[in-house]
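Across the two complexes that follow, chain A remains constant while its partner is chain B and subsequently chain C.
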Partner chain A sequence: MSTRMFGAPVARTEDERLLRGRGAFLDDLGPGALAAAFVRSPHAHARVVGIDAEDALDVDGLVAVYTHDDLSGPMAEPLPMLIPHPGIIDGRTPYALAKEYVHHVGAAVAMVVATDRYTAEDVAERIRVDYEVLDPVVGIEAAARADVVLHPGMADNVAAHHVQEVGDAPAAIDAAPNVLDLELDIERSACTPIEGRGVRARWDPADARLRVYSSTQTATGVRAAVAAKLGLGLGQVEVVVPDVGGGFGVKIVHPWPEELMVPWAARLLGREITWTEDRREHFVSAAHERAQRQRIRVGFDDSGRLLGLDVAILHDNGAYLPYGVIVPIVTSTQLLGPYKPGAYRVVFTSLYTSTVIVTPYRGAGRPQGVFAMERTMDAIADHLGLDRADVRAANFIRPDEMPYDQGLLFQDGRPLIYDSGDYPAALAAIKKLVDWDGFAAYRERALAEGRRVGIGLACYVEGTGPGPYEGGHVQVETDGTVRVATGLTSQGQGHETVLAQIVADELGIAMSDIVVTTGDTRRMGYSVGTFASRGAVTSGSAVALAARSVREKALRIAGEALEADPADLEIVHGRVRVKGAPATGMDIGTVAVLSNPLRYAFDDASRAATQFAGPADYDRAPVDPDDSPGLESAEYHSPLRCTFAAGMHAAVVETDPETAEIRILRYCVVHDCGRLVNPMIVEGQVHGGVAQGVAGALYERMAYDGSGQLLNASFMDFLIPYSSEVPAVAIDHLETPSPLNPLGVKGAGEAGVIPGSAVLAAAVEDAEGFPITAMPISPSDLFDLRRRFAAGEIAPLRRRAPRVPAQQQPGQERR
Partner chain B sequence: MGERMHDIRLSVNGVPHAATVPARRLLSDCLRHDLGLTGTHVGCEHGVCGACTVLVDGRPARSCLMLAVGAEGHELTTVEGLADPGGPLHPVQQAFRECHGLQCGFCTPGFLTLIAAYLEEHPDPTEAEAREAVAGNLCRCTGYTNIVAAVLRAAELRRAGPAAVPEPAVPAEERP
Partner chain C sequence: MKPPAFDYHAPETLAEAVRVLAETAPHGSVLAGGQSLIPLLNMRLAAPRHVVDITRVPGLDRVGTGTGGVTVGALVRHTDLAADPAAAEAVPLLRQGLRLVAHPVIRNRGTTVGSIAHADPSAEMAAALALLGGEVRVANAAGTRTIAAADLFTGYLETSLERGELITAAFFPAQGPATGSAFAEVARRHGDYAVCGVAALVALDPDLRITGAKAAYLSMGPTPAVLDLTEAVAGLVPAHGPVAPGDSDRYAAAGDLAAARTGPDAAADIHATAEYRTHLARVLTVRALREAGAHAVSRATERAAAGAGRA
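So, the complex of A and B:
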């Protein structure tokens, strides 16, 4: 047999074109298109009183200016509520262009089309919009207080309210021997791919068809949304996703206002139009995530075992709710991690604020949930004077309890049942990797050198690979090339490589003969999209099933031609041959020829396939009734429910006694995403995730001022870490296969980011000797906390008196 | 209301190009949209991300911070010029492929040009130096681990086979 590709660190197929500068990203698609620019609201909350384009009309190159008044029918109505949920009380979505009100800085008010982007921006600058400025709603507290109500017709700012319960948590807590209360805070961050959003559209009047290119995470979603809004049949719209420069969640939202306006105008004008988001636009008009305030009440026994857990979450969803309540649902459910919570109640309240919308960012609510649970675990350990790892171990679901039903409904609307996992093994692995047991001695040595160090641990479970389904199409061409298509899109995850690896093994074909297409509705019309770490699970399984059925057909056809039993055949290096007699066989391309009886001969391959080529069986139709021509197959994988990956991170930090700088000395990851298709790619995903986790924990926050202006809407002020800020990562893999898909895989895309804030809060707290309850934490935040701690405003951790170098007591920094 | 246009001649990857641009045309836009060299990407257009990095007379520069009219008379190298179209990859490109130094590939051209120039002057960096060398460019996908590894691997490839390193577009006498 040939070498197995599944499980090998195969170099990526995508790389060659990207390395040579021959990738084709949205803004690379060539000349010939008009450019769009948008006039955006400078106010967080205002009434649009008038729009005057008079001054712009004499700009050379202006083609058109549109406002909401120009829209009609479905285009004039609010954008869809993509994911309805019974917990949504009043789900507001924006208009493609503002109608009467704007609800955040950056909301699109008018669209300009011009010969090029420079001109379009010249025009946009000259359009005068008259606003009646209204009071903003900034921050969770203001939203909850509802002194200002953002949306007309609402009595408060509550978009959604949802309760999930297993058992009677308040009663269990009241009866518990130990009870703790925690109040936690997480601030906003954002996906911030280096390529922003972008859309390009072309209307073909002769065919009455629309071609849309979008830098999106869902081709089929955009297609359906555009068709619905423009009143076109699905068959009239094709969406092609070019190379995408990162997504991380923000590009799953659809349709964006721009994603509708560009195709709408392209059709109206009969001209190709393109729009590429600039960096400031991405900050103020795309999406953010993370901001939550959490109140936790927990009851536990003397060994730290949870008896009852009661969690109330205030979630800032921004100005609108187009993506529903996926993020707080994920927080509510994934908060449980690898633990049995005893009785559990979780209540979330999702609030409107006059800020950019909040939709999933890699991790999608999990980092907040894990922060809540892991802060709780650390607090319990501290309260009881127990080792933090032991308290976690006491609460683990054991491998022999799998599958384990948490008794809740997950974000896909299906039961939260963990399929497999070995948490004790993962804990043992992470303790070893970070040298958990050796840390006390290390701390002593560090203290002797005047250095302040701490260690933290955080565990998570991640539901990955949700349905409803993904498809795979595998087709063998007569020259032996194998074309593979799946509908979901790629933003750097290496799907072209991973899917080719799977097909290579299933079909016995060289990787170099396989061509993979993703995110093109012309090739695969049924698909969901790329989110929730589902690519390898759903599309990987689908292409495996399609390849298996192609293989079966190839063996059947070759068996007939070779007069051999298909069971005695194998496919090796693209040749179907008799096992044990490798000289007897035929190329798989020849099988493709045989699979498609033709009337016309137009090349060598088709000459061999005409119905006049060879002896015929006159009692049989050229194609059997239960067969179809061609060596191809489309199959779908529709998982029963999510498969649950898991992992644990540990970090060692050093905090500077003077400057309060936080340095990560060691970052360790133990990760279990089932069987690994390509360990090199999985590690890359972990590296990237950890970088975003560290970023969210120590550097990134969206700084809104009281009037709703985003103060740091540039890469100069929003601190994405450079290589100098991201630690080296030590990784260990466990492989607990999933029973829920044919490959045994689980998703890997988001894992790295999830426990970032939890593990670094734990490590900083351990170094400092007082609780950390809000993230991210900057040196100045820590500096302030030290001062408050020294002033007695913050109680010390119980587990040990603050162990800091003698001459540098916390809070005694000289100013 | 017309805008005054300028006829400029740019030398990119050793090939002369002519373009007619307004004075405010960014070099990044001119390369991408006037000359069709879309390998150079823009991620911020305010000089922070480094995705638009090209070599100007062999030295890394952010093409979003330069005007096209100001690039006349200089020798420019973009990612497309690192290796011959049909030929083997440049050692830095090869190293990125081997080390999985790219995911979405959007930031990659900026890193490749930066590192290619860096290794000209620092053929044998330590890991810490390699990390420092790339610390001015943003990547949102990789966490930089494999980019740092790729710098070291590229240095190794260069040392192993200088013959395999294609000549940069800068004439020898103009190199720093």
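So, the complex of A and C:
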């Protein structure tokens, strides 16, 4: 066997193309298409009284203007509720174009088609929409209060309400020797991929077929949705996903209004149409995440062990609920992390607000859940005067308790059973990596220099790789090229590399002979999509199974040709050969020729498979009844349930005593995603995740004003951290294999972001000496907290109340 | 978004540029580095009917340093000004401020004069011009004129330029041999507009005692405010490292004065409360004054040493 590719830090094969500008993203698909633009609501909540396009009709290059009145049949109906759930009380979804009401700034009201985007925007500016402006519902408090109800026919703004319980948490808390109450707050952030959404569609009247290109995380989902809305057969719609410049969750939502309107109009007009979302549109018409208010009541013993945990979550789901309640379910369940909660009750209430919809963003509810649990752990440690790491250790699920059933139902509708993990080992590793035990001495030295520093720790468990399934198709061509296809899509994860690594090992082929295709319904019609850190788990396993099947067939066919027992054969460097006698063998391309008995020859290779080419067994059909021509196989991996990755982050921060600026001095990650297919790619995923974790903790927020206007819908005011703000990340890997898939892998895509707000809140709190209960935190926020702390409005932490250098007062000098 | 249609002009002489601006006024916008105008166009926040691209006009891309100060042509990019050693020697405040102007890619395109003409009260170079008491040279259809910095900035993104006028250069007076300078800023991200910024000038007498102290404030009002803080710190001897307790009180008094004077104009936005901005004005005034004082000592003593070497 040659060098194993699985586990090697192989450089990403797609980077050559992407880094040299040879990628082809949606907007690169060439000229020849008409351009679409959308007229969007400037109001958070309004009734559309009239739409007048009169002033726009004389613009040169205008092709068409559409409003909801132009739609009929399924297109005129609300968009689908993608993920129904029993907890949903009243699930509202938008129309492709606003029917009577708009429920957030940015909602699509009319569609313009013109010869180019400039013209389309000129037209859009001239379309007059009369609105009857209604009161907005901004923020969780206003939504819960329900002085204004957003959706007609509802008595309040409650979209969903759901309770999960294990044991009797209130009773366990009442009986506990120690009880704490916490109120926590997390604000909105968003995926913010560099490439926004985009759709291009072409109707072929001769074939009666629709080709749709979409910058999506699910090709098959878009295909099914477009076919259903347009009344087409599934076979009439092809969805091809070009290179995608990031998704992070927002592009798993489908169908977007634009994703329906562009194909609909392309078919109606018989013209190819394209739409590329701009940045401002993305801020106000795609999706956000994160905003929650959490109330926690916890009972625990004197060693910090949880006896009962009672959590109530108010979740802001924005104007509509197209993606169901996945985010608050994930928060409710993944909140438990690596711990045994004792009795547990979690209640979430999901609320409509007149703001952009909330759908999963990398982490998908976990950052909020981890924030709740880890803030609780820190509060317990402070209350008892115990080391924060020790309190966590006291609550860990032990390795010998795996698999561990938390007794809840997870986001995939299946039991929350952890398959494997070694949390004590991870804690030992993170303490070592960040020098947890040496920090007290470091703090003393820093204090002597007038510097304020703090350390924090946060743990998480992440259910990854949910089903229902993904498929892998592996085909060996007669020239030895191996074509691999899987249905889910790529938006930068490195699937081309990772899937090729897996196939290379399984099949004994060089990676350079493997071509991987993702997200193309012409190649793989059955698929779910890219979300929940599932690519390596589901598609990786599926292509491994398909490659194994191809290998078995190759050995059988070669065995017959070589008159050898398949068990005595091996495949090395693309050649099937007899073990111990490497000179006896044939190229795998030749095996592919033999796998497909031919009547007609087209070239030298195919001649070998024709009917007079050699001796034949006249008692056997050229293709056996249980066989099929070709050296190829499609296999599916359908996991029993999620596999649970885990990790721990630790951070050291310095807070400026005067300016309240927060600087991250050190950021450490211990990460366990089972077997590593490619450690370099996993580390890249961790780096990117940490960057988004830091973003959500210290920089990003959606600044809605009281009227529901988003004040920072640009990259000037929505503060994505630059490389200058993201710390270097020290990483240590553990590898606890999953028993639930053939590769032993767990998902890695989201992990880096999950504990960001929790760990940085802990570190800032440790530096400042008073509790941090709301994130993100800016220097201005911290300045405000310091003033309230100095005024006695915030109680100090118990552990270190007197040790913080006094707040600089006017007239004091820093040094 | 995409910009609405406009007429594009690319004059090849200053006279032609001024003529086109006069003809198209008030519907023409000057394009140089494009770091402010292009985003405004793309987001349709500005819709000039004419864009006058002056980058082909000869003679506007020079940095001239003489004994009196530094003259910066309208097409000089931030990067090129920052790299100019003579300018940095004559007016150290320029390089100190330019490193805080956005990021290298923006400094490579953006022009220093363009930033001044844009008159954003968060801009470092506008504050530097105001602090140093510089001026801008202006061309118009009738000829040329000069506008002092104190008369240039009239409001948020507003100047006293008349319609059809073009700033051809900015002049920054030289800092004296015993005058030090410093920029202190707090920005949300590296290179962002400052939440609050302070540019300071400190002048010393031969005994290295402070004889003059001034500071200009970024993001603390509609225009770059300049305060004379001499009274608070006159007579102090600046030093690197810790200061004597008595001196601390004097610096703090300067900070308090700055907070009292700039605070009323401080506004809240999504990044900071007015109270936080005012607090930063106080804190950063002290930092900038101390740093500028230490810089002044270095300049004075280096000059003395150089003089001694020659003798």
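Here is the rule we use: the second predicted complex is superposed on the first by the 804 of 815 C-alpha atoms of A that agree within 3 Å, B and C clash if a C-alpha of one lies under 4 Å from a C-alpha of the other, contacts with A are read in each partner's own complex, and residues count from 1 in each chain.
By definition in this document, a residue touches a chain if its C-beta (ideal position, glycine included) is under 8 Å from a C-beta of that chain, and two chains touch if they have at least 3 such contacts.
This one's a predicted model, so the numbers in the text were calculated from it and none came from an experiment.
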First, second, both or neither for A:Glu195, with chain B first and chain C second: first
Touching partner for A:Tyr722 - first (chain B), second (chain C), both, neither: both
Partner chain(s) touched by A:Tyr118 [first = chain B, second = chain C, both, neither]: both
First, second, both or neither for A:Asp568, with chain B first and chain C second: neither
Touching partner for A:Asp15 - first (chain B), second (chain C), both, neither: first
Contacts of A:Asp156 with chain B and chain C, given as first, second, both or neither: neither
Superposition-derived comparison: chain B or chain C, residues of chain A touched: B
Which superposed partner A:Tyr699 touches (first chain B, second chain C, both, neither): second
Partner chain(s) touched by A:Asn712 [first = chain B, second = chain C, both, neither]: second
Overlap of chain C and chain B interfaces on chain A (superposed complexes): 118, 278, 714, 716, 722, 724
Complex contacts: residues of chain C adjacent to chain A: 1-5, 39, 43-44, 103, 186, 188-192, 195, 241-243, 245, 248-249, 251-253, 255-256, 259, 270-273, 275-276, 279-280, 282-284, 286
Residues of chain B that touch chain A when the two form their complex: 1-3, 22, 24-25, 32-33, 36-46, 48-49, 51, 78-80, 82-83, 85, 89, 93, 96-98, 100, 102-109, 112, 131-132, 134-148
Residue ranges of chain A in contact with chain C within the complex: 117-118, 121-122, 125, 278, 280, 658-661, 699, 701, 703, 711-712, 714, 716-717, 719, 721-722, 724-725, 778-780, 783-784, 787, 808, 810-815
Residues of chain A touching chain B in the complex: 11-12, 14-16, 18-25, 27-28, 30-31, 58-60, 116, 118, 191-195, 243-246, 248, 278-279, 491-494, 680-681, 683-684, 687-692, 714-716, 720, 722-724, 726, 728-729, 752
